[in-house]
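The structure that follows is given in the form of structure tokens.
Naming follows writing order (A, B and C), and every chain is counted from residue 1.
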Amino acid sequence: MSSFATLVIAGLATGAIYALIAIGFALLWQASQTINFAQGEFVMLPAFFALVAMGLGLPYWAAALITFVLAAVLLGAMFKRLLVDPMLKHGVIPLAMATMALAIFLKESVKDLYSAEAYPFPSLVPPVNVNVLGTNVSLQHIAIIVVALVTLVALTWLLDHTTTGRQMQATAQNPTVARILGIPVERMIMLTFLINAVLVVIASLLVTPIYLAKFSSGETLGLAAFVAAIIGGFNQLRGAIVGGFLLGVIDNLAAAYVSTQYRAAVPLFILIAVILFRPEGLFGRKEERTV
Amino acid sequence: MTKVLEVHDVRKHFGGIKAVDGVSFDVHEGEILGLIGPNGCGKSTLFNVILGQLAPTAGRVALDGRDITGMRPSGLNRLGVSRTFQLLQVFPQLSVRENLILAGQEHEGSMLSRLFGRRDVGLTPAADRMIAFFRMQHLAEEKAGSLSYGQQKLLDAAMAFMAGPRLVLLDEPAGGVNLTMLADLKDRLKAINTEQGATFVVIEHNMEFVMSLCSRVVVMAEGRVLASGSPEQVRANPAVIDAYLGH
Amino acid sequence: MMRVIRQRPVATAIALLSLAVLLVLPITLGRFGNYMLAMWATMTIAAMGLNLTLGYAGQISLAQGAFVGIGAYISAIMTTNGWPLGAALVVAIVVCFAIGWLLGYPALRVQHHYLAFVTLSFSTLAYLVFRNEEWLTKGTYGIYSIPRPTILGYSLKHHLDFYYFALMWLVVISLLMWWLVRSPWGRAFTALRENPLRAQSLGVDTRLYTLMAFAIGSTMGGVAGVLYAPLVEFIDPNPFALALSFNLLLMVIVGGSGYFLGPFLGALIAVLLPEWLRDYTSDFYLVAYALLVMILLIFSPTGILGLVDRLATSRRARRASEARAAETPRIKAKEGA
């Protein structure tokens, strides 16, 4: 029983990270029909920004700060201006292809400019286990869950209870109407890209201590984010959050109870099943299709 | 008179909304039946049910006495039911002739024989006859996407007749077509009705067009049949006037 | 055939010239050059299959790399066990057609990005099978010394010979593809891509054609795989990871999706450009390649041939309007008289 609880908590920690990545993925889709195939690489890259900064002798907090700024500029603003804006008018699929090329670009850049090796990354908390109600729990996992939950609560609060947030939601739902209502649609979309940049940095700082910093680590993370976003519902932020946590738990339980070789297959089967039988996601609304 | 199409108590509900709420009528061989009604009265939904695009909540549709309820559109087409859409639906990348050949090819031979047979499935003469009938000889080689709106509308209609259909359902054929083109279209539709002996059902908002084209009119309102009869009878019916003016 | 030559003299000349270059050029190249050209031919076959599924029939697939993998494993397993390559080809065609057909079913329910994710999942699942089913695929250890075929006692051990062998496959498959896309099926595929609803209303069995597009396109991926195994002589699961499917998709898009020659050009760029860039940019060739692809997509999302097509169309339109402008005064003069 105790090992089951440990697994679930580890799963929630993984899931919290998936949720952060998935929610950014869903935000980009809502705000500007961007299926970001480079989302995983967006999580891989900030860790290397931080590594370079720390390599220059900066303390962790300063390196993290610089990473946030760099990510906001490169993965937020420049990504939108240079790639998404010119591609968007050509449709969803060409833009998705361009992000595939971007994924290769980022991955290979890190490999060539930094290194192909995996690097350890400092953790927020010491890697010790604590005893919670008789269950052995990694402090790191608890820290991840706490940080992710705080982030998600803050984000939800921002979206639901501030004028800017409501303007963002209006933009996501119907940009034309939003524009008529006088909402600065362009600025709201840019803000969405910046929020995504912040989310991937947080995810990066949380996940890299566990999985190490490596140029190729974005592949699995990106895939997990797609799966989480689709399981939860592409058009529903809460869906993406629940999908992320669900996937994290399933992932960890599958690793323990299914063969380790095929643990990666379990979420894929779930993905296929959800797409085929409930394409709007487990928690999503049905998108009305017109004939 | 032979009944080509029988619509029997068809209902289509979307959640609580009864888009089509128990509609029955027959379409007789060789007639041009107009289907009119205010916006949102369920005409297009009814079309989509008849054509197998939507499954009805209840009711029955029969073609020549054979139950075709819920049959797939492609199968239905091969039985001789053809249609045009409210919005323009030609294949812009294909030439006018290719559009017409496409419209006929699935009626010729089997899938395998088409793969190994001739490239045009022997339909070039038929396509060229249809092009001549709609007076588009000078456009035969043009890509459909480069035609004017009115010309595309003509091609759209021509495609519906390519396979020599038994029944054609036209969804707003006159929409967006200018007056000269409109006279042309009406003239061609009437000619094909007499020559091919095809039966038509036409949804249209242009009353003048309907009244001069159709031999009989069914009026729908709020998902039900409000009235039916000759154009004159319908025009004089107070309930019809009320339904139109009331909205 | 004669009619084609008479109707399209320029196209015929270009085709013959290209073929001549493809026949003569490799003699001047070294082993590696011949190997890369054979790789180009192989990848062109796979990309041509995807171009049928995506470019002609409009169904996105991120699983083409998996079919190359399936074909390659069938080829490797059978030929290392003494079967001839021809037998492997037949088995691969049957297996890939069947799996491709099944993979088409999701496309009947979902489209666009959902279909992309379903096929992406399939691709990853196939990779897991390649990696984990060691009894069959030898897992990450890989399958060594895959024999190159011998034709009528003549061994294709040398890279140049194998290149000609691959070129022959490419020519045969190109001809089959050309015939297919110009057949009534090709017309139906185009209709399916451009407007499935209208296609249905004209009697086109869109379900059947969708499944066919997947099955035939996937089969061509498998055929490419059958050729791939003896080309590289050693396979492990890594080349058939998701990256290959992405790459094949980029080949189709970069070359020009829906254009017959798109895959030839796309594969040329994806296979040979990085190698050529390697001479100038050392390790950065993939970075440079990805950057070029992004720039190309920004300027022409329909790929290189889309760009060429647009330029040609606008030139034709300009010429036509010039011709009209030249006509108008004459007509005016006539009316005046």
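Quick note on the criterion: a residue touches a chain if its C-beta (ideal position, glycine included) is under 8 Å from a C-beta of that chain, and two chains touch if they have at least 3 such contacts.
No experiment lies behind these values; they were computed from the predicted model shown.
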| item | value |
| --- | --- |
| Greatest separation from subunit C - chain, by CA centre | B |
| Chain nearest the overall Cα centroid | C |
| Computed distance of Cα centres, subunit B from subunit A, in Å | 49 |
| Cα-centroid distance, subunit B relative to subunit C, in whole angstrom | 40 |
| Mean-CA-position distance for subunit C and subunit A (Å) | 33 |
| Numbers and ranges of subunit A residues touching at least 2 other chains | 291 |
| Sites on subunit B at which at least two other chains make contact | 53 |
| Per-residue overlap in subunit C, given as positions that touch at least 2 other chains | 197 |
| Residues of subunit C touching subunit B in the complex | 180, 182-185, 187-188, 190-191, 194-195, 197-208 |
| Of all residues in subunit B, those that touch subunit C in their complex | 51, 53, 72-75, 77-78, 82-83, 85, 89-94, 98, 101-103, 105-107, 111, 114-115, 117, 119-121, 159, 162-163 |
| Complex contacts: residues of subunit C adjacent to subunit A | 60, 106, 109-110, 112-114, 116-118, 120-122, 124-125, 128, 131-132, 197, 242-243, 246, 249-250, 253, 283-284, 286-287, 289-291, 293-294, 297-298, 301 |
| Parts of subunit A lying in touch with subunit C, wherever the complex brings them together | 35, 37, 83, 86-87, 90-94, 96-98, 100-105, 108-109, 112, 219, 223, 226, 230, 261-262, 264-265, 268-269, 271-272, 275-276, 279, 291 |
